[in-house]
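To start, the structure itself, in structure tokens.
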Amino acid sequence: METAILLIQCHDQQGIVARVSECIFRHGGNITDSDQYTTDPFGGWFMMRLEFAYDPEKIDVAALQTDLDELAQTLDARFSFHHGHATLRMGILVSKFDHCLEDLLYRRRSGELQVEIPWVISNHPDLEDRVRAYGIPFHHIPFTKETQDSAEQAILDVARDSTDFLVLARFMRILSTDFLDAYGKDVINIHHSFLPSFKGADPYRQAYDRGVKVIGATAHFATADLDEGPIIEQVVQRVSHKDNVNELKRKGRSLEKQALANAVLAYIQRRIIRLENKTVVF
Amino acid sequence: METAILLIQCHDQQGIVARVSECIFRHGGNITDSDQYTTDPFGGWFMMRLEFAYDPEKIDVAALQTDLDELAQTLDARFSFHHGHATLRMGILVSKFDHCLEDLLYRRRSGELQVEIPWVISNHPDLEDRVRAYGIPFHHIPFTKETQDSAEQAILDVARDSTDFLVLARFMRILSTDFLDAYGKDVINIHHSFLPSFKGADPYRQAYDRGVKVIGATAHFATADLDEGPIIEQVVQRVSHKDNVNELKRKGRSLEKQALANAVLAYIQRRIIRLENKTVVF
Amino acid sequence: METAILLIQCHDQQGIVARVSECIFRHGGNITDSDQYTTDPFGGWFMMRLEFAYDPEKIDVAALQTDLDELAQTLDARFSFHHGHATLRMGILVSKFDHCLEDLLYRRRSGELQVEIPWVISNHPDLEDRVRAYGIPFHHIPFTKETQDSAEQAILDVARDSTDFLVLARFMRILSTDFLDAYGKDVINIHHSFLPSFKGADPYRQAYDRGVKVIGATAHFATADLDEGPIIEQVVQRVSHKDNVNELKRKGRSLEKQALANAVLAYIQRRIIRLENKTVVF
Amino acid sequence: METAILLIQCHDQQGIVARVSECIFRHGGNITDSDQYTTDPFGGWFMMRLEFAYDPEKIDVAALQTDLDELAQTLDARFSFHHGHATLRMGILVSKFDHCLEDLLYRRRSGELQVEIPWVISNHPDLEDRVRAYGIPFHHIPFTKETQDSAEQAILDVARDSTDFLVLARFMRILSTDFLDAYGKDVINIHHSFLPSFKGADPYRQAYDRGVKVIGATAHFATADLDEGPIIEQVVQRVSHKDNVNELKRKGRSLEKQALANAVLAYIQRRIIRLENKTVVF
């Protein structure tokens, strides 16, 4: 038996669940998990995630796909249908801080994150040995204000065909809107604050100066508006006056690792639907 | 438009979602929320909670009920169908500690808990004025080891017809299995520890003596096995060596209020399915 | 035996702990709790909170006070010495939302908050009965943009001599800098967001629109800069896309109650030292 | 300037803080952090942790040590005085699960845990390459019920002189009381449950079967009573009915890493005082 996932997004209307589940049932699938969300039952958005088990020997996936396409058209809906053993390919961009990188590499090696990592790119050469120790190619692409255009082109040349999505694992350069447009797929960033607090540079210093009693980290989709993209996951922890900036950074590293790992796991399990500037995480 | 809720529990089989959603669709309902859980897609239990909006002018609820009954029989399933404006009636048993009681009375008065409270029973007279200030009848039923049988009978006489479920809001007497059987409906208890740690008497003292760094409170269904019933909700908080037993009790009161209120809210929203000695809380 | 508390703030220098503890020891006090914090051991601020037990029959408090005054002068320090049974007097300002008010009144009645509440002021008449049910005077002082000056004067007339500090328990009017200056004592506010996120109006709506995955509440000292005063306490909770604005408000009420109660408890236990725009909470 | 730490434990009596701080002051130290705790101000235990800065050029540490020894005798106290650059040596025992091991090795390499790791011992050969990649010696010592005596002797031969304390980073063998006695220094264990819940084998399975809504991990000192030693740190996380045993294990791994890392950090910063079967963690 194999598992397929169907993500649905459309304007709310009567009978969506009935029609979709009937279609899967008719083709021999057994829905094992379902979650739905409606922003407003009268005129809002309808979103659904269905997981179903099927026997690849008995089910005609192409025929199911055709019927789903037709149904999507009828409902004026956006269907994303994922089946088979396709493992997502995740490119990682990193600078010098390696805690998020190491955490992702470890979780992948341990099997917790079932994802392919075709390469790691950094604007610094420092982490090459660490990455190669995991048997993963490492590309050093210098990236300064002056070389931004050519650096982004170099990243694009590597990333476009080899990845399904990118993760900025404490990549300290800001990617341009042109880059994001040209890449055209999802980019997940980890910001080391509880957004929308403390956007921009040195958020732990900002948090210290403001005297907050709780710090956080935020994994979000990168968009043209820096630190304004749809939030996927936030993790927080209590702190006190005794925590200086270095101590906030130390505690924050655990939060950053956790928030990013949770976001990546939800992403590869196809649990995330982007809706305008927000996310639904089933 | 009104809202109806359907809870389903049956052995997993193909087509459940399709059939149920088709039935609701055919009768004119619009599923606005759905959540499902399968203990094991191959031979396990299937559970689902569906919320749907309907126009009472246009839908024939009796006909829908008939079709649902038939479907339940076909699927060998247990359906619980709730519609209309029926507000659940919650009887509260309490002893001397009044924090959970006050919290429930306040949340009901503020409209957060949409529940009817026909009375409060206590084995002590102390809280009579507080309860009457909320305009709720108060019954003082003394309850000692010697008078347990007659006390339970007195509670039963009051509770049987006037309530849909009971809440033990720090009721310091142990109700017998005979009482639970005779009452026959759900009884929710708040235990002032993170079960299964520190069952029995004086759990904050036990927690202090053990030197735990986190304390908790547990709302659960009362069963014949004391402190062993299905857990509905648990809330926890960090503590330190500086917290003596009184401080643990103070912090614990907040946890008890929160855990019990969450459990009651989930209960009256029909989010809970009991499955053997566990709960599914949608 | 009675308990006294000494709060110290001065520039860091050698021997502070030694001198202060020697002074208390010499007069017969037994230090039962101490906590200190230094922003920077080389040129920073030194802060300390000492709790000591003493026998009022045997200790000459006036003589101790004189010696402490002298020591404070020697160290160029600010000492706050609290002894005897003085219960702080807390004035409460509230509008229509009553959850924080009820929580404070309940905690005081239960003995958890050992504080005197001379009165409750509201810009609406709605909560009069609730407050009087606790045996506490209630003053209705209408407060609009046009009447702000006279309203603040009326509050001041009531508050100046009858209170040691004020609590804004969801008081929906902004007090002017003139009022804060004229009152001259501490004012604690509860803001219904995780500051500095979502300052200003309707923070739960802002949180919903931004799609955050964690919400919070912040208790802080009110200052001339709205929502910018020193933070005393923050409490947070996970939320999801399923939580609409009303659900955020419901969950937020629990956070607001908890954050404000924690802040008030710390305040009356003299655990808070304000340091520029931050707090040290021992 | 260097930093020294003094831990004090004695029966509570008047003047301890005064005498100790006077002694440090007289020798030229500047107390930069202090924390104290008294189990009961009248006849209980007094514990204190003092951190002070000193100029090794100007302070006569030997003379200070002599005075402290004398003071300890006068107060009938146990003083632990730590100064200079002595880095603690931590031996790690592990079986096959490597998440805690990797986390400790990473935190040490990144400088977060300033500790020396002379070796890693495992009862399985699997992790040898991983450990050697960090440049740390690896010893494979098979350990079965039949070979327990000789295995423990082999561990003891390696550990006794080369370590200051041991960490059991998911070491799946139970060390005998004889071993613990013979080793004679502290042994920190990570238990994969929220103790005292779910002692013994397969705690995530136990947690799943009991249907708890929160899981946890506990770092504690290993003692003769299995899973009963003094608790140092506990970390918890909410779970739901959707989390099967594997999902609990996945979430639990993050908790285990965090609890163990926090405990080790507190240990090497000399923040822990054992008091009977509990800990004070300053």
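Letters A, B, C and D mark the chains in the order given here, with residues in each chain numbered from 1 onward.
Everything below uses one rule, namely that contacts are C-beta pairs under 8 Å (C-beta built on N, C-alpha and C of every residue); 3 or more make two chains touch, one makes a residue touch a chain.
Not measured: the values here are computed from a predicted model.
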{"item": "If a chain touches subunit B and subunit C alike, it appears here", "value": "A, D"}
{"item": "Farthest chain relative to subunit B (centres taken as mean CA coordinates)", "value": "D"}
{"item": "Inter-centroid spacing, subunit B versus subunit A (mean Cα positions, whole Å)", "value": "37"}
{"item": "Separation of mean Cα positions, subunit D and subunit B [Å, integer]", "value": "41"}
{"item": "Where subunit D touches two or more other chains at once, by residue number", "value": "37"}
{"item": "Footprint of subunit C on subunit B - complex, ascending", "value": "98-99, 102, 106, 110, 112, 133, 250, 253-254, 258"}
{"item": "Sites on subunit A touched by subunit B in the complex", "value": "1, 12-18, 21-22, 24-26, 28-38, 41-42, 53, 238"}
{"item": "Residue ranges of subunit A in contact with subunit C within the complex", "value": "37, 194-198, 210-214, 216, 230-236, 240-242, 277-281"}
